[in-house]
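Paired with chain B in one complex and with chain C in the other, chain A is shared by the two complexes that follow.
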Partner chain A sequence: MIRLFFKELFKMVRQLRSWLGPLSVFVLILVAFPLTQDIDTKFSHQTTFSFLWIISLLVIMLSTEKVFLEDFDDGSMEQHLLKPYNFSDYVSAKVTSSFLLIGIPLSCMSWLFLQSAVAMTNLNLVSLLSFLLSNFIFINFCFFGNAVSLKRGSLLGLLIITPLLFPVLIILGKMLSAALLGLDYSNFLLLLLGCSLISGPLMPFVISYILKIHLE
Partner chain B sequence: MIKVNNLSFSVNNKKLFHNLSFAISEGELIRISGSNGSGKTTLLKIMLGITPPKKGFVEKEFSFGEKEFEFLGHKNGLKTYLSVKDNLYLMDLKLNDKNLKVLNDLSLLDLMSETVGNLSYGQQKKLALARVILSKARLILLDEPFVGLDDDSKKLLEKFLYNHIKTGKSAVITSHIDIDLPYSEICLDD
Partner chain C sequence: MLKKFFHQFASPKSYFRIATKIQNPFLLIFVLLYVFALAWGLLFTPEDYVQGNSYRIIFMHVPASFVSQILFLIMAFCSVIFLVWRLKLSIYVAKSIAPIGAAVTFFALFSGSIWGIPTWGTWWQWDARITSTLILLIMYLGLISLHSSFNNYEKADRFFAIIVLAGVINIPIIKKSVDWWSTLHQSASITLTDAPSIDPLMLAPLFLSIFSFFGLIMGIVILSSRYEILLREQSKSWVKSL
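Coming up: the complex of A and B.
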């Protein structure tokens, strides 16, 4: 499993456009967003958070667009299916690599932008944690969407997963509202953690089953 | 090693094969022949367990710990943005003397740092075949392995298949091109 993960990471690192490209788009949007505002505009917490979550989701969608298509087209997915390890391990290795190269940098950049736009010293750790957890969930769902629509274009996959992610966005919004009102937000954070803990181990099995159907 | 029992498969009510039964024993080479669309690739995929049959079943018997299959289909499974060496690394192949000799025989040794996307179709095919040749699988399944190969590479692959069978291992190939090896034939046009 670890060997498989390093191989997937190696492939992804060597294919710069699959992760550096989307990260560059994210940076450009972060730079462009304040330029559309007046110089004395004060960003509200709610707007900044919402902007960062939505833009992170879009960048993750962009970066995972062809995550299975390449392996499917060149025949290497078929070969993974015949290897002695579980096929779901192959999916897990891909998810973990994407989270390392896209999810974590996106979370850190979002957090840094948040610090520069709105000072939230009392929510430093929580905001970073919320970005990490939400990006992990977004990556898992985007992989799911791309697996479903493997041979029909990524747009269909995005249309399927976006409504599924509405509850996650609602939880994120409610958590922020509670935090801003000084209420206990730990329940929402635990809910988010629960979503991550469920989707993390479960999604690779679901995705691998869908991919097997495509290979048939 | 593998027993195919009463296998049937159809696509859109068109029967590709019906009640097909055969066995692959140790040291045997089987050639699956048939016209285009007769179900050669499908049969290989059913034997590998990728595609479920409509009827019948496949029995596999391998000793514990053995590497069972190695398969090369129409698609090479190569990463075109990586070098030849990187592609071999992804296939868990070590560059020891024995493997380097095979790569040299396939004229791939001088291309180790070359990006696979820059190689010709024949060179890419040879690299994909190198993965199969260098593996220690008991049964290898090759779908049209001779397509795109020059005469020297074809002879080399035939020599490899001959040695592979001689050591008690087995192979199944689909091929339109005649081969100079003893084989049992399964014709899907019958």
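Coming up: the complex of A and C.
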């Protein structure tokens, strides 16, 4: 499993366009966004956080668009199916590599942007955790959507996963509202943590089952 | 004997035969019942002391909302049966429910929007209940698109069943949204634990409209599932002999 993870990680590192491209797009948007604002405008917390969550989601959708298609087309996915390890381990390795190379940098860059954009008196912890957890959930669901719509274009996958992502976005918004009002936001954070802990172990099995159907 | 009944019923041919016999009487009864319930609710119930006559859309909106969620649960139940026991009839029924569920959900949102104008002063609000119902509509549309995008029915059916089971989490979210979040949409007037907060004069036609609308929609599901069976089993001799 560890060897498989490092293999997928180094494979992804070598394919610069698969992770550096989306991160570059994210940076460009972060740079461009303040240019559309008046110099005297104070960014509201809610707007800035929402903007960052949505942009992170879109960048993750972009980065995971053909995550399985290449392996499916060149036959390496079938090779993984025949190997002695679980097929879900292969999916887990891909998800973890994506989270390391895309999810964590996105979270850090979002948090850094917030330091400059808005007053972050009591929001440092909640903001970083919200980005890390939400990006992890987004990556899992985007992988799921791409597994379902493997050769049928990413739009079908988006149509499938978007309704499943809306509850996550609602929880994020409510958590921020509670944090801004000085209320207890831990229940929302725990809900997000629960979603991550469920989607993390469970999604690879579901995705591997779906990919096996494609390979039949 | 029960096992024999289910084995026979699970055969598309037997189901088709039974459905053909009961379809028309079933539809007729529930259409008449729904018309009666609507007439009772629209014409013979008293005015609401706050909303006046605008509340009467409840006899269309509430049944539609209720049935849209029930249909998704039925789809989920059929999907479980298909994935576990591989009964193809169950996925035929589930697949035929999807477009009907989408239409009913759209009607629930549409009638809710109409009701929103006199009560809330707005067609739409990004309220928890309304947003989660919109998510339900998008899910129905996604399922229809997903199934139609595959040439191979077997693969399409399995993906369909998996996505239905993934999406069923939305139903308790819709149900509990008015309790978990402070929403514009009112909380449940009819609960299992407390007495209903609706006057009995309005409650009786409401229950009847919910029941009759559900029966009507199930009649349409029977009709739709018959066509789905004819489409899928068209190569079978019993279909060719019809």
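Operating definition for what follows: the second predicted complex is superposed on the first by the 216 of 216 C-alpha atoms of A that agree within 3 Å, B and C clash if a C-alpha of one lies under 4 Å from a C-alpha of the other, contacts with A are read in each partner's own complex, and residues count from 1 in each chain.
The rule we apply is simple: contacts are C-beta pairs under 8 Å (C-beta built on N, C-alpha and C of every residue); 3 or more make two chains touch, one makes a residue touch a chain.
Every value quoted in this text rests on a predicted model; they were computed, and no experiment measured them.
Judged by the touch definition given at the top, the superposed model places A:7 against chain B, while chain C stays out of reach.
In the superposed pair of complexes, A:79 makes contact with chain B only, with no contact to chain C. Of the two partner chains placed by the overlay, only chain C lies in contact with A:206; chain B stays clear of it.
By the touch criterion defined above, A:190 lies against neither chain B nor chain C after alignment on the C-alpha atoms of chain A. Between chain B and chain C, C touches the greater number of residues of chain A. Once chain A of one complex is fitted onto chain A of the other, the partner contacts of A:108 are absent, as it touches neither chain B nor chain C. By the touch criterion defined above, A:156 reaches chain C but does not reach chain B. In the superposed model, A:15 lies in contact with chain B only, and not with chain C. By the document's definition of touching, both partners, chain B and chain C, reach A:216. Residues 216 of chain A lie in contact with chain B in one complex and with chain C in the other. Residue ranges on chain A touching chain C, taken from their complex, read 144, 148-149, 152, 156, 159-160, 162-164, 166-167, 170, 174, 206, 209-210, 213-214, 216. The part of chain B that touches chain A in the complex is made up of residues 45, 48-52, 67, 69, 71, 73-82, 86, 89-90.
Residues of chain A touching chain B in their complex: 7, 10-11, 14-15, 73-76, 78-79, 81-82, 84, 215-216.
Partner chain A is touched in their complex by these residues of chain C: 128, 131-132, 135-136, 138-139, 141-142, 145-146, 149-150, 155, 158-159, 162-163, 166-167, 169-170, 173, 181.
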